[in-house]
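Note that the chains are named A, B, C, D and E in the order they appear, and that numbering of residues resets to 1 at the start of each chain.
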Amino acid sequence: MNAAIWITCKLALVTTLVLLVLGTPLAWWLAQGRSRFLRTLVEAAVALPLILPPTVLGFYLLLLLAPDGAIGQFSQSGLAFSFMGLVIGSVIYSLPFVVQPLAASFSQLDTRLLQLGRSQGLNPWQLLRHIVLPATCHAFVMAAALGFAHTVGEFGVVLMIGGNIPGETQVLSILLFDEVETLNFAQAHRIAGGLLAASFALLVVLYSWQKKRGHTRVAT
Amino acid sequence: MNAAIWITCKLALVTTLVLLVLGTPLAWWLAQGRSRFLRTLVEAAVALPLILPPTVLGFYLLLLLAPDGAIGQFSQSGLAFSFMGLVIGSVIYSLPFVVQPLAASFSQLDTRLLQLGRSQGLNPWQLLRHIVLPATCHAFVMAAALGFAHTVGEFGVVLMIGGNIPGETQVLSILLFDEVETLNFAQAHRIAGGLLAASFALLVVLYSWQKKRGHTRVAT
Amino acid sequence: MWQLELDGQQWRWPQGQWLGISGPSGCGKTQLLTHMACGTKGLLQRGAQTNLLTLPSHKRGLGWAAQSAALWPNQRVHTMLNALAALHQANHWQRDAHELGITPLLQQYTDTLSGGERQRVALLAAVICAKNLLLLDEPVSALDANAAHHVLNAIRHITAQRELSAILVSHQWQDLAATCHWVYHWQSNSFSTLADAHRAHVLNHPSNACALWPLDGPSLNGQVLVNGQPLDCGPLAPNTLRVRIDAHEVSIAHQQPGPSSIANTLSVTVTGLSHISDTSLIATLDWHGYQLYALITPKAATTLGLAKGLCVYAQFKAHAVNSA
Amino acid sequence: MWQLELDGQQWRWPQGQWLGISGPSGCGKTQLLTHMACGTKGLLQRGAQTNLLTLPSHKRGLGWAAQSAALWPNQRVHTMLNALAALHQANHWQRDAHELGITPLLQQYTDTLSGGERQRVALLAAVICAKNLLLLDEPVSALDANAAHHVLNAIRHITAQRELSAILVSHQWQDLAATCHWVYHWQSNSFSTLADAHRAHVLNHPSNACALWPLDGPSLNGQVLVNGQPLDCGPLAPNTLRVRIDAHEVSIAHQQPGPSSIANTLSVTVTGLSHISDTSLIATLDWHGYQLYALITPKAATTLGLAKGLCVYAQFKAHAVNSA
Amino acid sequence: SQTLRIAVASNFKPTLEALLPLWQAQNDIAITVSSGPSGALTQQILAGAPFGLFLSADAGFPEALYVKDKGAKPVVYARGQLIAACGHNASAAMAALQQANTLALANTRTAPYGQAAAGWLTEHGKHFSAKQVQAGSVAGALQFAVTGNADCALVAGSFRQLAPKLHWYPLPHAPVLTQAASVINNSSAAQTFLSFLLSDAAQHFIQQNGYLAAKP
């Protein structure tokens, strides 16, 4: 079980980092890019993992990651049943959870504010740092939390491409499934209860921390 | 397969409707409610299904929906492995996907605008209709789409509490899993390809439609 | 009678009259109005009716034109105004919209309006909502002086018909002078009638010093009746409440002067001489109980031998008599 | 020399001077400035340098104080100003901040500022960013007249030291009169020097009619040199560019008048009589090539027998001579 | 008309579906088939899943149901064999398994074929270096091999016809799984179907599909 916890956390962390790095520019382009038609297509593609059952993803990933598949061929013996394979699967699976909150938040930015910032001499990077990030930090926290959480909660894709190898690809959700199916309810309760408590604690901490400073001019 | 499509759509539709009705007031309270401490706790609880593996949810739901469980006892023979049970599971599972975009959007509303609306004599319902909805229609579309999509994509929970009964609880994701496992790749390709194409089409339509009217004062 | 008690302040002014609030940038005017619209502490009450601040915000019957001129997002101007009018049974808002020059904007989305257009729409929304009291927070700051004057006069006319009171925050003294009966002056923490506030204002802002005289009736043939006496005047705006005679337009002479383009000569008594700077002096002149001010140089005062109690002639041109 | 070509318009004004834009609410002033800051079509160029509109927005070196007075969200004022100053190597912004009264606000979050405070911070940000040109969109609309005058004068002083040009949009003619050298008047679609624009302005707005005379030097002992001649004047603001003499302060007489508090008497020639209304007439008077206006009644004009070419005496008090 | 819901272990699903036309010719009871690892199905039945008949891959899971009073006394309907399926050619099972890098099994806890494979490997396969991966059910294990993600899979002999492209090797000392059925909730339709399953015609058909006779 400890191995499963460690793998789950590692997978979620790596996935979240990869997604933040890839997702930010992608979300920016989706929210502010020029070509409207292309944007709509990419937007739909980004949202696909959301609507597609994990089994569809898992199925195509199985084909792609196989030793003679489009992705698997670059590795020695295929990427299925490896941690790397899980990361690839999770990145695709959790992509919308990071990109969508970011893009939504980016597109809510006041155009006039961005125009102003640009006219103030800020290059795109400075614009991100001084105006976009402060205005959307809420969304970044949310995106990271969603990406992390959704990867922890991943089950179907891992079930299909993970191979349930203890210490390597057996994450908590799979372990729990096994325990329940083998009627090992005591252990199941331990895992489920632990995950429940840990998740709840994590979320409470996260939400308390991100509560906005109360500097609105609300009269009391 | 037709039965599975029908069940999947029915489940997603019912779940989305239930979630919009329940989720809007909940999201409003989360975004604008008074008690900060209670709000943080509820916020964390709402986000739980996100971070919890579907297997944890499925496990607890199994216990709850069983004929002698907390929920199942109100029905004749338990609610697990019935459509009703799936709806309950899906509502819980997709809750954060509806509530979070709504709450995020509600909390981004300008306090001054709400104060103004209230002082203009709008009761909470009118406030929702005239100010909140127009300002957040983007988020409602997003919430409905996410809720629907995530329910279509549900796998782990259905696997555990659905029982894979054709015509009753066998949704597309489960059917696909079956077909892949039984090496029925032609059929699997048909289902996966169909889902992929339909999802993509749906998303393209959705995103084209919700693109904001271009009435910003951007100089060209 | 309106009554406001807040933060230890206590103000009372008659129903149907306007209260003006003036104060420097950042002193808290906007916060005060926000509190009246949304806060719960304090007292704001008409006659013996319930304290409005104990009611929930949406039942207070206030018309609040906030400084940000916020409008309902993501919809057309007429959608917003129609919804508000339906809510408040305001059937004749189109007439007021026309008066405020909003009619051509009704089809536009609220976020495409220019600064001045937003303000006028927000103002109309406030007028539609006001059942008990109008709260106007710098409602004409994005308009030029003439348009501002026109808009404020129109609003004053509408409120007069409905016997509505208003609280007006403005950084332009002339906005207050044109509309208000009572003034709260933040810096000196004084609540008084406009006339008293004006007297203090004159000495603090000598460059803007002027007499404010209420009219006995509307102007006729370039003349108005003030204090029972006819005065020659320039063209006055319709619905003029009072006239303004700027201090630097008033000159003083010992003798009834010979023929010139100066139309009004009044026999007055010097009641005060206030030193303003090395080059300025304000002479306060009494004309049958009405104050008149003359801004002159110390040199002139010496030459004329001005002193308290002296009887002199005050002269000002017809065009010095303007709408306040 | 600055050059702007846009929508078939073509304006040129010398480097270091200010261009004012006046026009009614909603005519498109804000959109014009937005286009200069972000648009790509047209020409905006200093001397023979590159057309700024072909550069990406962030390389144009503009200081844009937008009408909405938008500030960087969710951070303190000093964070924003420091970041901008670091970016533009502006080391002495604290001095300017002090001048604009922003120093006490530096620790506040940008969204807690009052209307006037926001405007002043936005203005300072624009000044920090301006390398080539300042674009000011109603930069002082939330300030009272005195504060506005002070702030604009401070900005003009800063730009003068850096030989910076500016484009100022304002609905207050006095803002333009106090700072600009060139004016674009939207309604009449005319681009001209301030003096010419002013001449047209006077006849359109008789109630605001005034003479605008540039000073030969700073004022001394209540006197200024204008056109080589000393005039008695009231207290003038520091850095005054020109003085204003309101038309309704000027009276006309046939003979050199006797002693009164009227300090300035000039011998002038009547060059025009413009009928304004039944009760008003503006007499245009020439004083060694400088225009002076007198707002009088037709009755007075008849009494005095005023006609083109007549030599008369124009009188105005020292306090009629004000900073524009 | 009546519907009988059958929960069937993954290994027997193809055979069961092939049998259905035979059944439909004689009966008008409609059949729906849900398949999965036997352990998962057992757990679902315990949780109240509305199945009438449970066809397990071993005798243990039906026995557990019987003990918990959820099902009737188990009846053996077939005996299955564990067999190796490989993507590559080799002289025999041991050689083929030796060469494999990845070896797919059914879940070693919820699927009897997985349990059997794990048992066989501990006895005879200590020297194999292949990485062991588990699919949910025995069908999943085969799928891993068919898609090329695994080199070999230890699966049910009954799958032989499904993947003719793979190379199939009988195992030395191959374990035999006694597959028992259990009628749930005293369903009469289930009883009828079970009788049909034990009929000679059906038994003959089952044996043609890679199973050993129910009664040794």
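Everything below uses one rule, namely that contacts are C-beta pairs under 8 Å (C-beta built on N, C-alpha and C of every residue); 3 or more make two chains touch, one makes a residue touch a chain.
Since the structure is predicted, the reported quantities are computational estimates derived from the model, not experimental observations.
Colleague: Touching both subunit A and subunit C: give me those chains, sorted by label.
Modeller: In this structure, the chains that contact subunit C and also subunit A are B, D.
Colleague: Return the chain whose centre of C-alpha atoms lies at maximal distance from the corresponding centre of subunit C.
Modeller: E
Colleague: Relative to subunit D, which chain has the most distant C-alpha mean position?
Modeller: It is E.
Colleague: So how far apart, in whole Å, are subunit A and subunit E when each is placed at the average of its C-alpha atoms?
Modeller: Once rounded, the distance between the two centres reads 37 Å.
Colleague: How many Å are there between the centre of subunit A and the centre of subunit B, using C-alpha atoms for each centre?
Modeller: Once rounded, the distance between the two centres reads 18 Å.
Colleague: Determine the centre-to-centre distance between subunit C and subunit D, using the mean Cα coordinates as centres, and give it in whole Å.
Modeller: Computed value for the inter-centroid distance: 25 Å.
Colleague: Going through subunit C residue by residue, note those that touch at least 2 other chains and give them in order.
Modeller: Each of 30, 34, 37-38, 68 in subunit C touches at least two other chains.
Colleague: Two or more other chains in contact with one residue: find those residues in subunit B.
Modeller: Each of 62, 112, 115, 180, 217-218 in subunit B touches at least two other chains.
Colleague: For subunit E, write out the residues touching at least two other chains, lowest number first.
Modeller: Within subunit E, the residues that touch at least two other chains are 135-136, 143.
Colleague: Flag every residue of subunit E that touches subunit B in the complex, lowest number first.
Modeller: 5, 10, 13-14, 32-36, 44, 47-51, 135-137, 139-140, 142-143, 146, 162-163
Colleague: Would you mind writing out the residues of subunit D in touch with subunit C in their complex?
Modeller: Interface residues on subunit D, with respect to subunit C: 24-26, 29-30, 67-68, 105, 113-117, 120, 138, 141-147, 171-173, 205, 207-208, 222, 232-235, 246-249, 251-255, 257-263, 276-280, 294-297, 299-301, 303-304, 315, 317-320, 322.
Colleague: Give the list of subunit B residues in touch with subunit A in this complex.
Modeller: My answer: residues 36, 40-41, 43-45, 47-56, 58-60, 62, 100-101, 104, 107-108, 111-112, 115, 138-139, 142, 145-146, 148-150, 152-156, 159-160, 171-174, 176-177, 180, 188, 191-192, 195-196, 199-200, 202-204, 206-208, 211-212, 216-218.
Colleague: List the residues on subunit C that touch subunit B in their complex, please.
Modeller: Its residues touching subunit B are 34, 37-38, 56-64, 66, 68, 70, 72-75, 80, 83-84, 87-88, 109, 111-112, 125, 129, 131.
Colleague: Contact residues on subunit A for subunit D in the complex?
Modeller: The touching residues are 110, 112-113, 115-123, 126-127, 130-131, 134-135, 137, 213, 215-217.
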